[in-house]
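Same chain, two partners: chain A is paired with chain B first, then with chain C.
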Partner chain A sequence: MPDVQSTPADQARYDEILCIADTKLVLAGWHMITIPNGRAIADWNAICGMMQAHYGHARALYAYLARYGLTRADAEWNRSAMEIRSADILDKPPSSWTDLIVSTHLVERAVSTLICAYQDDADDQLARLAGKIRAETEFHFSYLKGWLKVLASSRREELERLATSRTGAMLQWWGPDGSQDTPHALGQRQLTRKQMRSAFLGDARADAVACGFTLREESAPAANWHQPTMRVSREGLPPRLFEQIRFKNTELAMP
Partner chain B sequence: MTPESPVPELPAQAQDVKCTHCRSTDVVLVSLFGGSVSECLFRCNACNSFFHWVKWR
Partner chain C sequence: MSFKASGKSIDRLAELGSDEPIYYEVFARRDSRTPLTHIGSVEAPNLELAKARAWFVYTERKWLEFCIVPTSAVISLTETGERKKIKEV
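Our next item is the complex of A and B:
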């Protein structure tokens, strides 16, 4: 957190919202790279739309964090790969179209679950932002579930294998059972991380059933989970991923 | 062989969309993402017009 006067509660909120924003930033980067893999014009259009939404949400959340001292320059340009707090699952690039759809769906489910915990927040700005993100994400789910149904009927084995392994990776984001939950302990959100993890898994399973496949839980070890970044890996983003997702032309973008 | 892209399904918020030209409710969703991210693209079966529908009211 930038050097401003803050309380432990401020710090906890800052950390968690930055994890959401950075996960959206990297997911948008995934979409930017994978646009040419769209199967039809409708897919290009959808991926472009989702990418635009994620960049917009990330930037809106960065702007919200300005109250805690985060500047646009730091949020978008000055941070190193070590300082990006995206979910570990996004470190490993999608291996196929099926993997892209499965992974995007799980990341959207997890991020949506966490941001929705702030929908009734006392801070009206964050509450309204969370509501808008949830509303837009419903359109993303509609697109992704359409593809999950197609894949369940045509590539079920691959779909279930990838869904199992990627669900394990996504579950790491919530941390191991019994880990600290500072934002909840300090009254920053009502739901506990354990409740949200359970809600995420329940929604992901329900989507799988609705789309015609089975989601098996395969918990990956999360012993090294670090609460402020919600990451297991301490090595930061892989260099190639960072090079692809980072914004490069500061002089062109800064007013 | 790659399977074909799915036909988009209407999210709950978009169940009562009317054509902006003739007000018909006989419309089909063409794309969940229109000219901007805040819009969906529809086609009207009654007057064959395409129109954008704003997601957030």
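Our next item is the complex of A and C:
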């Protein structure tokens, strides 16, 4: 957290919201890179729409964190690969169209579950932001579930294999059972991380059933899970991913 | 059905989700004083994709009412039999 006077509760909230914002930033980067993999212009259009929403949400969440001392320069330009707190699942690039749809769906489900925990927050600004993000991602789920249905009928084996491995990777985001849950312990969030993990898995399974395939949970070892970054990997973003999602020239980006 | 263009073979079922194009008509109303108006159409293999595609394409403005109808649900009363052609492609 930047050098401002803060309480442990402030720190816990700052960490968690930054994890959401960074995950959206990197997911938007995924979309930016994968647009040409769309199957039709309608897909390019939808991917652009989702990308725009995620960049917008990331920007709004960074702006919210300004109250905790996060500057725009730090949020957007100055941080190294080590300091980006996106979900581990996004470190591994999608291997196919099926993988892109499966991974995006799981990340959207997980992020939506976490941000929705702040919908009734005492802080009106964050509560409104959470509600707006939830509403704006509604059509993302419609799009992703539409494609999951298509893939369940045409590439079911590949879909189920990828869904199993990617679900394991997404579950790492929530940390292992019994891990610290500081935002909840300090009254920053009503739902526990365990409850949210369970809700995420329930929603992902329900989506799979509705789309015609089976989601098998593959437990992933997450002993090294680091609460402030919600990551298992301590090495930061892979260099190639960081190079693709970061601003290329700080001088050009500065106003 | 598949066709080949510029060296790329396109498998409609795998790439687009359906053997034949399935259309949905898009209707919207700007405010309570204007009628629900046909504003376009989208192609999609299922309802979820149709809803998303309509949303991403046609929400450049905020609509009071916005809905889609499967083109197959439209019943023509003026053109029937071989003359029936609801959708110009």
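Methods note: the second predicted complex is superposed on the first by the 250 of 255 C-alpha atoms of A that agree within 3 Å, B and C clash if a C-alpha of one lies under 4 Å from a C-alpha of the other, contacts with A are read in each partner's own complex, and residues count from 1 in each chain.
As a working rule, a residue touches a chain if its C-beta (ideal position, glycine included) is under 8 Å from a C-beta of that chain, and two chains touch if they have at least 3 such contacts.
Just so it is clear, the structure is predicted and the values come from calculations on it, not from any experiment.
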| item | value |
| --- | --- |
| Fit-or-clash call for chain B and chain C when the two complexes are aligned on chain A | clash |
| Partner chain in contact with A:L186 - chain B first, chain C second, else both or neither | neither |
| Chain B versus chain C as contact partner of A:A63, first or second or both or neither | neither |
| Residues of chain A touched, compared between chain B and chain C (which is higher) | B |
| Touching partner for A:I33 - first (chain B), second (chain C), both, neither | neither |
| Chain B and chain C contact sites that coincide on chain A, given as residue numbers | 39-40, 42, 45-46, 48-49, 139, 142-143, 145-147, 149-150, 154-155 |
| Chain A - residues contacting chain C, complex | 39-40, 42, 45-46, 48-49, 139-140, 142-143, 145-147, 149-150, 154-155 |
| Chain A - residues contacting chain B, complex | 39-40, 42-43, 45-46, 48-50, 52-53, 56, 97, 132, 135-136, 138-139, 141-143, 145-147, 149-151, 153-155 |
| Interfacial residue positions of chain B with respect to chain A in the complex | 2-13, 31-34, 36-37, 40, 55-56 |
| Footprint of chain A on chain C - complex, ascending | 13-18, 42-53, 55-57 |
